[in-house]
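First up is the structure itself, then whatever we jot down about it.
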Amino acid sequence: MIEGIPIQHFLIVSTIMFFIGIAGFIMRRNLITILMAIELILNSVNINFVIFNRYLYPDQLQGHFFAIFVVGIAAAEASVAIALIINIYRKLKNIDVENVNELRY
Amino acid sequence: MYNYTILIPLIPLVIFLVTGLLGMKWKPIISGLLGTTGLGISWVLSVMTAITYFFGSHHEGAFETIIPFEKLWLTFSETLQIKMGVLLDPISVMMLVVVTTISFMVHIYSLGYMHGEKGFQRFYAFLSLFTFSMLGLVIATNIFQMYIFWELVGVSSFLLIGFYYQKPSAVAASKKAFIVTRFADFGFLIGILILSFITKTFDFAKLTNPDGAVFANAAGMSFMGISVMTWAMVLVFMGGAGKSAMFPLHIWLPDAMEGPTPVSALIHAATMVVAGVYLVARLFVVYHFQAPDALEIIAYVGGFTSLFAAVIAITQHDIKRVLAFSTLSQLGYMMLSLGVSGYGGEEGLGYMASMFHLFTHAMFKALLFLAAGSIIHAVHSNYMYEMGGLRKYLPITHITFLIACLTIAGVPPLSGFFSKDEILVAAFNHNKILFGVEFLVAGLTAFYMFRLYFNIFWGKDRHYHHTPHESPLTMTIPLMFLAFASIFSGFLPFHSMVTSDKMHFDTHLHLAVAVPSVLIGLIGIAFAWLLYKKESKVPEKLAKQFGILYTATYNKFYIDEIYLFVTKKIIFNYISRPVAWFDRHIVDAFMVGIGTVTEKISYRIKGMQSGQLQHYAFMFVAGVLILALVLVYYI
Amino acid sequence: MLSYSPSLGGGRGEALKFGDMNLSQFLMMRHELLLTAAALIILIAEIATADSAKRKLIPFTIALFAMVTVAGFFPVPEGTLFGGSYQSNPLTALMKNVLNIGVLIIFLQAEGWLKRPENSDRISEYFLLTVSTLIGMNFMISSGDFLMFYIGLETATIPIAGLAAFDRIRSRSAEAGIKLILSSALSSGVLLFGLSLIYGVTGSIYFTDIAQTITSNSMVALGFIFFVSGMGFKISLVPFHFWTADVYEGAPINVTSYLSVISKGAASFIFTIILFTVFKTLTEMWKPVIYTLAVFTMTVANLFALRQQNMKRFLAFSSIAQAGFLLLGILGNNDLGMSAVVYFVLIYIFTNLGAFGVVEAISNASGVETIDGYNGMYKTNPKLSLLMTLALFSLAGIPPVAGFFGKFFLFTAAAGSGYYILVLIAVLNATVSLYYYLRVVRAMFIEKSDNPVPTFKSSAYMRTALIICVAGIFAVGFASVIFDTIREISQNFLY
Amino acid sequence: MNILTLLIVVPVLTIIGILFTKDMKGARAVSAFGMTIQLIVAATLVFMYLGLRKAGVTDEMVFISDYTWFKSLNIHYTTGVDGIAVVMIALTAIVVFAGIFASWEVEYLSREFFISLILLATGVFGFFISIDLFTMFLFYEVAVIPMYLLIGVWGSGPKESSAMKLTLMLMGGSALLMVGIFGIYFNSAPNGGPLTFNILEISKINIPVEAQRFFFPFTFIGFGILGALFPFHTWSPDGHASAPTAVSMLHAGVLMKLGGYGAFRVAMFLMPEAAHEQAWIFIILTSISVVYGAFGAIWQKDLKYINAYSSVSHCGLVLFALLMMNETAMDGGIIQMISHGLMTALFFALIGMIYGRTHTRNIYEMGGLMKVIPVLSVVYVIAGLASLGLPGLSGFVAEMTVFVGAFQHEDLFHRIVTIIAASSIVITAVYILRVVGILLFGPVKDPHFEHLRDATWFEKLSMFTLVIAIAGIGIAPLWLSDTILDSLKPIVHKLAETNVF
């Protein structure tokens, strides 16, 4: 065990990160920032997996592996997202999410 | 031995079908002759039946009821079945004779009267249809067969009244006749239903069995405090009242005069209108033993109607209407005399008298109508103030008409005297008030008939646009025949033929009743002679004297108006219109409303799909929370 | 169903299993392998062909894929790979074949659109992306643990974002792409968080282990809700559906039909599997959730669909509503429900692709995409109108077309578990949906129009695709053997 | 092949045949041919059936043929008929036959018209021959849906909205029905064994009473909506008013009968206890709709509306009679279905023909037609008399059987509502005579009508087929009512043995 740091702290941190991420996604106007918010969410997930694995099920590695894959996929996702953001920028000449509402109702 | 009787109704039916389907192809006269000959045959047959039945086999005691033919037509349940059959007993045999005779006469008469009319074939087809239905009604073996033909009679009368279908008044009259009688038939139907519920049978044989076994479980059954049998029989009588135009269901009969005159003679004087009387007579046993109260009601309805109609008849100008009201009044006589009758022997005098009067009345009333027809044929008008001094133009019509008037006025020894006398006696024995009424009515009858007579044949003649001439033989022969009948039919021994218990009993003249009644008849005639023999201002003066009363009477006491108000105003405006409105604006609107509301909602919520990514994200999270709440709620 | 309970690396020693895994066992992944091979071949072909001859890639790829589809029908050995991360059984195989058929039809329909000049240089891109998403879905379908499931899911999602933004000239397309990728990222984030919680409780990511150890407690409940939300996004259930309409409208029609049929079908299939196997001990927990979702989805989607004008958007909402009906099958929570879901997806593929096919054909020919634009179309294009009518009736669940059977069995499943009121709501919703389907029918048959869609003859590919759809719409319903087989397979799978 | 299946095959073949025709002439020729065959098949069926009964076959259903369809759900394609179904099939065949000739001159998209018309008919036939609830429901919806196109495309007036209203209300009805059917299905094996949709098998077991209580209303109302049960009848006036002639004929003549037929064959037959418990509600509703429909008809101006409301009244009488649940009344109810089917079809045919000549359906704009188009007018009078229950025509037989039967009920409430319902015969007379008076009698209103063409040969064929049927039943009702009574016995028996009162 990591001395002195009970599991709750980690969990609290991850949860806070998760909700910060959500909040960020909902509030920030800039597409890139939204992307970062998503990264926050995914990382909170990673922390969860790793911590659970480390603290509760130390005799196996499933959580760790999961975290690694999540990181990888997040990267892929981010790359595609950024590509599309650039695409948007070409069209709208800005990356403010508020302007991305041509399709509605 | 009576198997051939089935032919009596079938012949007219066949003729109806043939003429109805192919008639348009032929020369008119062919269908006329066909119909007449056919009817002639059934007439001969029914007369044969009558003779063999009444005088043929020399029978002891009661006339037995014979059912020479019966066939199952429809099964409701094991016990309730409709059969089509022929039932022969005194009244039905007598009715056979009446119906075929009058119908035959009318057929002959119409050859001349309807000559050259458009739709001649149609007329004869309808005549045959009517005759068939009426005969079917007469020989019905069970109450439901009677109801079936009852309806058919109604519809054929509807068709014949509306014969001139392009004349709005005729159409209206036919409609009125049908709907009023239909309303009455509704009562009849309910009556039948109640009877069938109690007795589980339709057969007259069972119903009219004096021991009343089938009514066993009616005992103690009552609805709204009145015994169920009274209900049933009153409702049945309602049907009869409708057909026989008893007050207050009489309104259709005067208007029915819109039809061709032969039709009025056949249907609305001699045959169909007595169907009600026939019905009551047919079920007399039931009335007498199961529902005496109903019989009481019948007596009073009949009495009132006869008085009421007689009063109106005095004031009418349209000669056919006068005759119509006189018919009403005479029907009232018959009903009353059934109402006051008892069962068996001397007691059953009323019953016998009623049937007797039915017979004689058929003869002379048909005669009156046909004569009136011949008059109208001559002067092309219905109104007596356009007539006068016709006696020199229409000798035969004049004589026959006079005979008829004397007959109905009850002058001896003409048939009307005998039958009316019996009725008066019956009334006298049973109920003094009713006797008084009828006595008065006798006078009134004599008066208005002779008012009519003098107005038409005496007085100074109007200048007609072409001089009236006597009608052709086809029309005068029936007149003479019927005149003959109305003179002598009074001598038929009805008391030994048509009686309540089918047994012979002796009758004798009650001078105490006969003499005054003849006298009042003569008085009535005298008054008429004074007032109308010569042209005079007296009638107008009298009319002035009575003023409001006169106008009220002239307008038939505004009964029609009341009906009109009820139907047109109440039913149309205050029931059916609101119903239609309710259906459109409440029920339907509700169903449509569901749709519109849904559509409205869909427009309301369209804001959710704002196109803003972040709103979506927010909704997403909100959804997660909702689901969480759901779980919290369930766990 | 699995002979042992594997776990990755853990002390229970199943890691050894890797040792005995020989090549033959890889054949279990025949679908995935074939698809991967196909993808590579397409790449090579792309390189091999000259720019002028790119169009030849279309028939080539279609033929290739047809072969793949056919090959998929050969029986697949049952079993598991990678220590249980990958499982193969008749049911998954069946599902993959169903998807293959769908994709084949979509490829056939895509031809007209790909032929357009602006797409001429990217034909292979389209095929590659589509095939790769399909690979992802296949992995997702036969995933045996949440990791494989997640990888499959993302592999299936991310390329679609690219596809959605395929039309470079239309800014709507780009918007569709960004909306899809961002919101799907969010949803998978939430989903993952749920998974992490579940892992925290059960200590495993393997379906079988979880199924055995999971118990109902608040943390599991929370994790489950997050998971359902994530899946709800993929299947586009209200209230996680908002992206659907926009993306469907913005994306190229072909991609839209792919989204609405293939990815939705795959997602709902695996969702059902997971609910039936992993959470089978927690039915008390998930039934109310699904119930609520079903009611919301059917009702809201119908309400939105009522007033749509754009055909694609209209079909988007209709497909959401269909997803709602699908949940009724899941609520059945038995083999009948399972088979009803698969059967419905199968029918839904033919039906919806039929509808989208017509829409695509018309918009290729005349650019018309609105309902009013269809006015008086029966006069000019009777065949297409009839086909559209068939498809719409099938969507509305009107006999004798297949949709009726699909819906009927879904409802049967729900009613079998006693959800009569829900069934009533559903059928009433079906009635409402009939209203807007009939709107289109009315436009085509009843309304008169001054300039209706001009008469045109669509390409051979499109016609083939549509004929397949019609055949499916009729055959799948009447040929009871299909349903009976599915029922049998799912019985074997569940018990 | 089983003769019943033939009843479906013939129309389908006809449809296929129409597909190969080029124009109106071909289409109508093919459909006329096909439907004539169908009529013949139906007639043969009737005679075969009577023959079997005469031979002493006492099975509840005959000509049973059974193919397993969806094995896993135990769904079968099971056909079989008893006397009631047979006469309903005969009715349908007659009406469809007449309908084809009544729509002889549909120019606009005639092929499609005939195809949808015959498709509708197929559904109806299928419904009547089905014993299996699933196929029954399937055919039921097949019959309902072509309605939308038929009214929407070939209709008149506010056709879109009426068509939409009609379709949605009927589908709403089938929504309820579906729930009911599921309820029956899942309770069809209360003590183990495979679930089944087969009516006969279900009728042998007793569905748990609480289940019946819950599902009976769904099933009954579901069918009742199609049977124009107050207050769910409002689709009928608009629908009929907008529909083209043949469609009104088929719809009022046959399709509405599906409601009544299903109501007792499924709802009451399979759930007798609940039927007994809840009958009074529906008896009140139906007796309302009998009187209410008649009164509604009095005020209408549009011929089709008049007839639509009278249909509400008459169909109300059908359900009313069935709910009385004694042999005679139910017998009357079914005869009423037949009779109303025939005469309302005749009415709509006539209205269509008159409308085709005068181009108006407002009675106040017409008058004196008897002079200009005698044949049509006479037939109209006959139809009118039939509908106001004149002896010698079918209406009388039906109504009397209903009233007599209903009045035999031991319970006073039933007898009183019977009287209320019976009062409709007067009201009916009022509105029928009103129409006849205004429309046919009196002087010719509009000079343009002086030279109208009277009925053509195909119109006569269409009319007289129906007239003959009506008169036939009216004059010799015995065989019909006996046939029905025999087949009613098991149903009534099942109802009687579960009578909770």
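Order of writing sets the chain letters: A, B, C and D. Residues in each chain are counted from 1.
We adopt the following convention: a residue touches a chain if its C-beta (ideal position, glycine included) is under 8 Å from a C-beta of that chain, and two chains touch if they have at least 3 such contacts.
Keep in mind that what you see is a predicted model, and the values were worked out from it rather than measured.
**Student:** What chains, if any, are shared contacts of chain B and chain C?
**Tutor:** Touches both chain B and chain C: A, D.
**Student:** With respect to inter-chain C-beta contacts, which pair, A-C or C-D, contains the greater number?
**Tutor:** Greater number of contacting C-beta pairs: A-C.
**Student:** Using CA atom means as chain centres, which chain is nearest the centre of all the protein shown?
**Tutor:** Central by C-alpha mean position: chain D.
**Student:** Report the inter-chain centroid distance for chain A and chain C in whole angstrom, where each centroid is the mean of the CA atoms.
**Tutor:** About 26 Å, centre to centre.
**Student:** Quick one: report the Å distance separating chain C from chain D, using the average Cα coordinate of each chain.
**Tutor:** Measuring from centre to centre gives 43 Å for this pair.
**Student:** Taking each chain's centre as the mean position of its Cα atoms, how many Å separate chain B from chain D?
**Tutor:** 37
**Student:** Return the distance between the CA-based centres of chain A and chain B, expressed in whole Å.
**Tutor:** A distance of 98 Å separates the two centres.
**Student:** What positions in chain C touch 2 or more of the other chains?
**Tutor:** 178-179, 182, 186, 190, 245-246, 435
**Student:** Could you list the positions in chain A whose residues touch two or more of the other chains?
**Tutor:** 22, 25, 34, 100, 102-104
**Student:** If I count partner chains per residue in chain B, which residues reach a count of at least 2?
**Tutor:** Residues 595, 606, 609, 611, 613, 617 of chain B each touch two or more of the other chains.
**Student:** Go ahead and list every pair of chains that touch.
**Tutor:** Per the contact definition above, the touching pairs are A-B, A-C, B-C, B-D, C-D.
**Student:** So in the complex, the part of chain B that touches chain D is made up of which residues?
**Tutor:** 72-77, 80, 144, 148-149, 151-152, 155, 162, 165-166, 168, 171-172, 175, 178-179, 182-183, 186, 189-190, 193-194, 196-197, 567, 571-572, 575-577, 579-580, 583, 587-588, 590-592, 595
**Student:** Mind pulling up the chain A residues that touch chain B in the complex?
**Tutor:** For this pair, the touching residues of chain A are 22, 25-27, 34, 97-98, 100-105.
**Student:** Sort out for me which residues of chain D touch chain B in the complex.
**Tutor:** Result: residues 165, 168-169, 230-235, 237-238, 292, 295-296, 298-300, 309, 327-328, 331, 368, 370-371, 385, 388-392, 396-397, 400-401, 403-405, 407-408, 415, 418-419, 422-423, 425-426, 429-430, 433-434, 437, 440-443, 477-478, 481-482, 485 of chain D touch chain B.
**Student:** In the complex formed with chain A, which residues of chain B make contact?
**Tutor:** Listed in rising order, the residues of chain B that touch chain A are 606, 609-614, 617-618, 621.
**Student:** Name, in rising order, each residue of chain D that touches chain C in their complex.
**Tutor:** 69-73, 75, 134, 138-139, 141-142, 145, 148-149, 152-153, 159-160, 164, 167-168, 171-172, 174-176, 178-179, 182-183, 185-186, 214, 218
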